[in-house]
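Remarks on the structure that follows.
Order as written gives the chain letters A, B, C and D; numbering starts at 1 within each chain.
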Amino acid sequence: MSASTAPAATIGTDEWPGPLLEIRDLKKNFGGIQALGGVDFTVERGSIVSVIGPNGAGKTSFFNVISGLFPPDEGEIYFKGEDIAGLAPNQITDRRLARTFQNVKLFPNLTVLENVMVGRHCRTRSGAWDAILQTPRYRREQKETEEYAREVLSFFGSRLAGYRLEQPAFVLSYANRRRLEIARAMATAPDLLLLDEPTAGMNPRETLELTELIGRLRSDKGFTVVLIEHDMKVVADVSDRVTVFDHGVRLAEGTYAEVSTDDKVIEAYLGRPADEEKTA
Amino acid sequence: MATTTTPTTSAATSSAPAPAAPGVDVARAVRVGAIGSVALAFVAAIGMLQTFDNRVVFVPFLSLGDVIFFAVPLVTGYLAGVVPPGPMGGTPRVSAARALLGAAIAGVVVAALPAVLIATLRSDLDLRRTFPNLSPGLAQILTLGQEGAAGYLALLAVCVGLALVGGALLLTEERMRRAVVRGVEIVLVLALIELIARQFLGNLGLGALHQRLYVTNSGLRWLPAVVLFVLFTAVSYVLAGRRASARERMLRTGPERQRRSLIVTLVLAAALLVMPMLVGSIVNELFVNVGLFMLMALGLNIIVGYSGLLDLGHVTFFAVGAYGMAVLTSPASPGFAPELGWWLALPIIVAMAAAAGIFVGTPVIRLRGDYLAIVTLGFAAILERLFISDWLRPYFGGAQGIRRIPGVSVGATTVSGTDPRAMLYLTIGFVLVAVYVSWRLQGSRIGRAWAALREDETTAQAMGVDTTKAKLMAFVAGAMISSFAGALFAAKVGSVFPNSFELLVSIVILVIVIVGGMGHIPGVLLGAVVLIGILGGPRLPGLLQEFQDYKMLIYGTLLVYMMLMKPEGLLPSVRRTRELHQEEFLQDAWFDKKGHFTDDPDATGAEVAVTEASAPPIAGDAADGTEPR
Amino acid sequence: MRMLRKGVRTAAIVAAASLVLTACGNGDTADLTDDTEADADATGDEETDDPGDDPDEDAAEAGDLGSVTYQEGEAIQIRSLEAISGDVAFLGIPNQRGTEIAIADYGDVQGFAVELGTPLDDLCSADGGQSAAQTIVSDDTVAGVIGTSCSGAGVPASELISSAGMVMVSASNTNPALTQTPFGTEGENFSEGYYRTAHNDLYQGAAVAEFVYEELGLTQMAAIHDGDPYTDGLTTAFQDAFTELGGEVVVYTAVNKGDTDMVPVLTEVAGENPEGIFVPIFPPEVNRVAEQYVNVEGLEDVVMISADGAQVEGFLEIAEAEGFYFSGPSLQFEGNNNEITDKSATDFLEDYQEQYGEAPSAAFWAHAYDATTLLLQAIDNVAEVGDDGSLTIDRAALRDELYSTSFQGLIGQITCDEFGDCGAGEIQIILHEDSSVTDATQIPVVYTFVPSE
Amino acid sequence: MTATDPPRTQAPSLFTRARRRLTWVDSFLWVIRVGAVLLIAWGLIGSIQRFTAGLGPTGSQWRDLLVAAIAFGAMYGLIAIGYSMVYGVLGFINFAHGEVFMSGAFIGYFAATALSNGGLWQSNPIIAMLLTLLVSMATSTFMAVLVERVAYRRLRSSPRLIPLITSIGVSFFLQYSFLGLFGATVRTYPTLPPFMTGNIDILGVPVQRSQLLVIVVAAVAMSGLWQFVTRTKTGRAMRAVAEDKEIAALMGINVDRTIVTTFAVGGAMAGIAGMLYGQLYGVSFFMGFLPGIKAFTAAVLGGIGVIPGAMAGGVLLGLFEGVGPLLILGGLGIASPSQLRDAVAFSALVLVLIFRPSGLFGEAVGAEDRA
């Protein structure tokens, strides 16, 4: 099936020489309705890839399958050369692939800081006995967790700082909720970050700010990013590559310039400019 | 009293011009009165008034039954005038007319159903085959012993009079009102604990004081009662306003709050160290029982409060602990009798409970919360049946239980139920351990995982929390803590019978956790003290023996009341309060944080406020892990 | 901040440690300085233990269990500990009322009134019995206790009351372990100072076995209990006695309280073709058995035997109960007279009806009445009036006196043996043929079992 | 696509993929599954051996037991419908439904006694029984609606465990209110008229008339309900609300009223069951608790939210707990198998949730809804 096989020892590690994420012929049906009809998809390390497409194109399903919320019906998902198809979401996060959600899923009653600290769960190991006996490991991890969370939050400047750290998540503004979600995903120290419509519901200024932030995610933090986005301006600004989905299949792929002139893409979007679609 | 006939007419006239400010709300008064009337007729028909009439609380004239009887019109009269809080919150001041006339109307309405009851009781109709508690004695209570028409008048006078008192209370300053209520509560409790007070004062060498305050085997003398009432009211008036409200505590987070609850816990612990020596054996006995339920409730608190998994069969772990201890230590254990010492058996039992936790949790670990509820209930039922069964009689003694369980050896002595004081120290020790463990776990990595799990299971998993493991950890930790209770129980009672582990125990533990405050250790402890201490468990007497027949009724009522009115519990945890009052909280944040908004780089305060208000509340869809189908 | 947390942790550890130390230390000092109250009582004289606890007591000359003294004008305290709430209240309430009537009938003891105090509830459970008993023993003015209703509650209660030097007389505990099992051997839960007027289950099991085997000539029996320690004990005793006689219990099974569909268990029974079924369970389950057994193929003609738990109106009144035999303590009290209070059973029932507006809901009222007279008579016999007009009861003497008090009671001759079985132990089998007769005492006796020592 | 051919990994076989998904929880569940199957098979073999050896109940005794179990299960089915419908629409277990059933049986008893005292029960039993049935149904309906109005309505937007816990409270409140008001005595309905007792032959099988009555009434009620839900506008509204409350509201459906109707219909079914149950087994304040939990079990068994599934689940549960103990446990040689009846019923629940979480007739709703 494959041309050459990489050394087995590098599978699942940062030494893996191949693409960070490689998906072959991914299929998923929900109750007879085809959500994904055989998708191939590749993400190189260090790139920012946008996934666009009209509503119902299967973009979120695509993320859900990658992140393990649903097992695929068919196909393979290689992350750093390791097949992760069918693993539980927490196992996938553990392998350094994190995501955010389209409809912001925070832990509303936990504080901002606590929300981010939850993201450190899979990077720490102390158990119940450590907590009860207050072992050195527990104390060290507890300290590290909090420091790491603060550091991640500082990435957002003064947005999520100061008194906000101790506020419950549900009092945050919509934009801050989105930021917090990204921070929480960042706290899992991922190699690949899946952002599902990070700018949805934001005003133009906030969108601009976030666009810049996504760029910094790569430049400052070294994350590889895949994002679903409707705002073509954002897509054009940040993406190295753009993949267009329609009806659960990949319609086109290339740079923004290539894709935006693709006939099939124009056809799929015909009469449905991105802005209007968002309200649906 | 002369006003009793006028309110209806004056209310009718005054309602015509209808001033904008809250005037006399006749409809409300009638509605509240009707509810009061039904409530009074209900407590009468279920026999509560009569049962409690045998308990004299204020010598020589007031019984507990009277107190309940009088409380209904009093509260009704108070509520009749209350102005429901508007959309902006806050209760406006009430005019004297509204309070008193409303109260009078409500008082008249309250008397209606009881009057019908009296008429029925006096008639020749024999209702006792249908309503066994409608005895002639009931009419005596409701009419204050008056015959003929005087009886109805007495009822009316009591209802209207006390309703007016309630209405008058509404006119007083809130701080005063609270102080009065506190004073009544304290005096009432003092009146009910004659035997305890006798022992306590006796131990302090104050037997003479007891003689002055109380009548032996009865209640408080009336004059000291009045003096104490005035005293306590004054004290609470002075002290009032110092406590931070739950709302304030809601905003207070992190270390500061933890420190406070810890200090409270430590003060309580210190008090508990001294208490068993001063109070008599009855209180010690009572508190041992309370302690056992505290342990179970702390265990359940990890499962329900921290992790949001509804476990309706928590008695399972109690039973495993108790039966495990019985089998391992009793020489009379029918099948396998290693006759281990208590301390040696303890780790084995805790391990067994942990295994039971895994066994109960695993089958439903991937299913929705309500399935978990019913399956845990099912497991408790299965276990109860197994313990009573003839099949396992060779191991568990079937219906005859296991007897002759030795006590706990501490040093050279053996602690068992015959020595409640030593037993109490032992129980306190274990409760402290459980509190410490709960507290440590809550703030730890696993505690955060539980919190995340409770908030939103799917998201928690997507953020790298192994939810299966976290759920099972919750079950294991909860089971282990609760098994302490079983182990102590076996040593205390000296015998275990299957009927000590009925399903009702699970429900009572749940009520404790909920009434106290889910997810909040001091709340849970308080819940156990209040409920088990006063009412008692399904098979355990509380302070008020008379409540036995109404225990489960009260538990059920409390559960509904708390869920509807105060779902965060008596001593709520911060998180829980946030969760249940998100909207109010948002309002507060809106008002309080204006200052912060202006120096926010986002935008102007107004803009952010709009954004925040327009953002959909995220509790509804996310708080429980899965969307309602 | 961090300092504080550390400080708090240290404080917690210190607190925990001191707690353990205190707990241990307390146990020691309690023994050395003898400053405890009720718990040291078994050996110590309690009066000196609590100075000022109760001003109306003084350190009288005491036996080795201590004594209780009432000043002039005070009342002698006895307590009632019965199952007065919940599903067994039908048993406990008549017991408590029987005690109340007996106290009223007996009148003053050497010029001192007798007071029952707040009735206590044994909740028909071990834990409930223990906690209630704890309440009793913490009040050292109590001379004696009437109770418990349930044997399960009696086990820890008797232990506590015994170690407090008090005495208790139960009207309805029948479990052998509380007194003797087998006959002449101390039971596993026997405690000094425990007495009962109720029969020992061993008698009833033996009585049914003898009746079935010898009178009816049946050799193949089924036994059904309901998981209650009482019914379970009874079926076990029956099984043992019946097997010893040479019969066989072909199926021994059980239902649960609250079951309504009895067809499965009856089918199980029918599968073994018994000639009779011993089903000593309570209503409403026994009602369901009676209604359903006739429809189960193979059980149309079996002999049905129930026990005293079902001898209540709620069962006797149904048509399906006709043809049932019942075992139970002798209930033909009609002609009997309590010689101490000179009260006949008929008078008692009249009184009861008048005072409480209903007939007793279970059969042990007479046992409770006799238990109370027994206790009061014994107190009367040992109590001594001092020079200052006070009354002193020596606890050890009271125990001894109870063994030697003997009189004719409502249930027959009351004499306590060395294990505290005071009732006659006479068991009767009655045959219920007419469902319009709902008073068990009116049902004809077909067999009487008198235990032979 | 890229110039240099990137290294690739071998596609994993289906087996390795399946093995990787298999956590220890799965292994544990498989142990239980296999263990349960083996135990049941062993028990069955034991029973068959006993049967062929001429021991234990005879064939006709087994047959009678089967019929009795089905009749008993039909009552579970009627109660289960209420659980299933409410769960379908509101997504929570209405624990108080058992008490709705109890209240119908209770007030039905008073009606029946009054009719019996008035002579109608004896002179015209069918009309009297129908009247009693109406009273039962009306009471249960009223009770269900009242509980919804007072307790559940204002909790509709709360986290889902809150109404569940409330319903437990309501359940205990109702139980012990009935205890306080009417006492603990078990009361018995007036006896069935002679033509309803005894046996009747159906296809050569003698069936007790009372059991037949239960089965027939349950079948009639069930089919009536099915017509109502599938044919009427209200029924369709109910299904729409069950699917999605918000969208249903947008479609112009009065959600509040539909929810009330759901409670009412569920209550009416419980009322029918209450009258039948009370008639056969008497009424007491405690009668609703265990049958209530069992009926919920039945609803889960049949696939919660599926109305015919509830009935089928009820009958199935009746069979499990009626025949199961004797057949399986008896075959295993366990003492006093009938004592473990409830244990068998709840084990059945656990096993169904392990084997097929969506219930026997349910779509995949038992499993956690994700994302």
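Keep this in mind: a contact is a pair of C-beta atoms (placed from the backbone, for glycine too) under 8 Å apart; a residue touches a chain by one contact, two chains touch by 3 or more.
Values in this document were obtained by computation on a predicted structure and should not be read as measured data.
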item	value
Selected interface, B-D versus C-D, where C-beta contact pairs are more numerous	B-D
Chain at maximum distance from chain C, centres defined as averaged CA atoms	A
Innermost chain, where centres are averages of C-alpha coordinates	B
Length of the line joining the C-alpha centres of chain A and chain C, rounded to whole Å	71
Whole-Å gap separating chain C and chain D, where each centre is the average of the chain's CA atoms	41
Rounded Å distance between chain B and chain D, as computed from the means of their C-alpha atoms	32
Distance from chain B to chain A - Cα centre to Cα centre, in angstrom	46
Junction residues of chain D, two or more chains touched	23, 185, 335-337, 339, 342, 370-371
Multi-partner residues of chain B (at least 2 other chains)	385, 388-390, 436, 458, 549, 579, 619, 623
Per-residue overlap in chain A, given as positions that touch at least 2 other chains	69, 88, 101, 134
Chain D-touching residues of chain B, taken from the complex the two chains share	42, 45-48, 130-133, 308, 310, 312, 362-371, 373-375, 377-379, 381-382, 385-386, 388-391, 393, 457-458, 468, 507, 510-511, 514, 549-550, 552-553, 555-564, 567, 579-580, 619-620, 623-629
Residues of chain B defined as touching chain C within the complex	54-55, 128, 135, 195, 198-199, 202-203, 205-208, 211, 217, 255, 259, 262, 266, 269-270, 273, 277, 280-282, 285-286, 289, 332, 385, 388-390, 398-401, 403-404, 410-413, 415, 417-422, 425-426, 428-429, 432-433, 436, 489, 492-500, 537, 539-541, 545, 548-549
Residue numbers on chain B that touch chain A, as the complex places them	253-254, 436-437, 440-441, 443-449, 451-452, 455-456, 458-467, 473, 477, 575-576, 578-579, 582, 585-586, 589, 596, 600-603, 608, 611-612, 614-615, 617-619, 621-623
Chain C-touching residues of chain D, taken from the complex the two chains share	55-58, 60-62, 64-65, 68-69, 72, 184-186, 188, 191, 199, 208, 277, 280-282, 284, 286-287, 290, 321-323, 325-326, 330, 335-339, 341-342
Chain B-facing residues of chain C, complex	1, 4-5, 8, 11-12, 15-16, 18-20, 22-24, 26-28, 30-31, 36-39, 50-55, 77, 84-86, 89, 115, 117-121, 123-128, 130-132, 134-135, 137-139, 152, 155-156, 159-160, 163, 177, 188-189, 225, 227-229, 231-233, 252-254, 256, 357
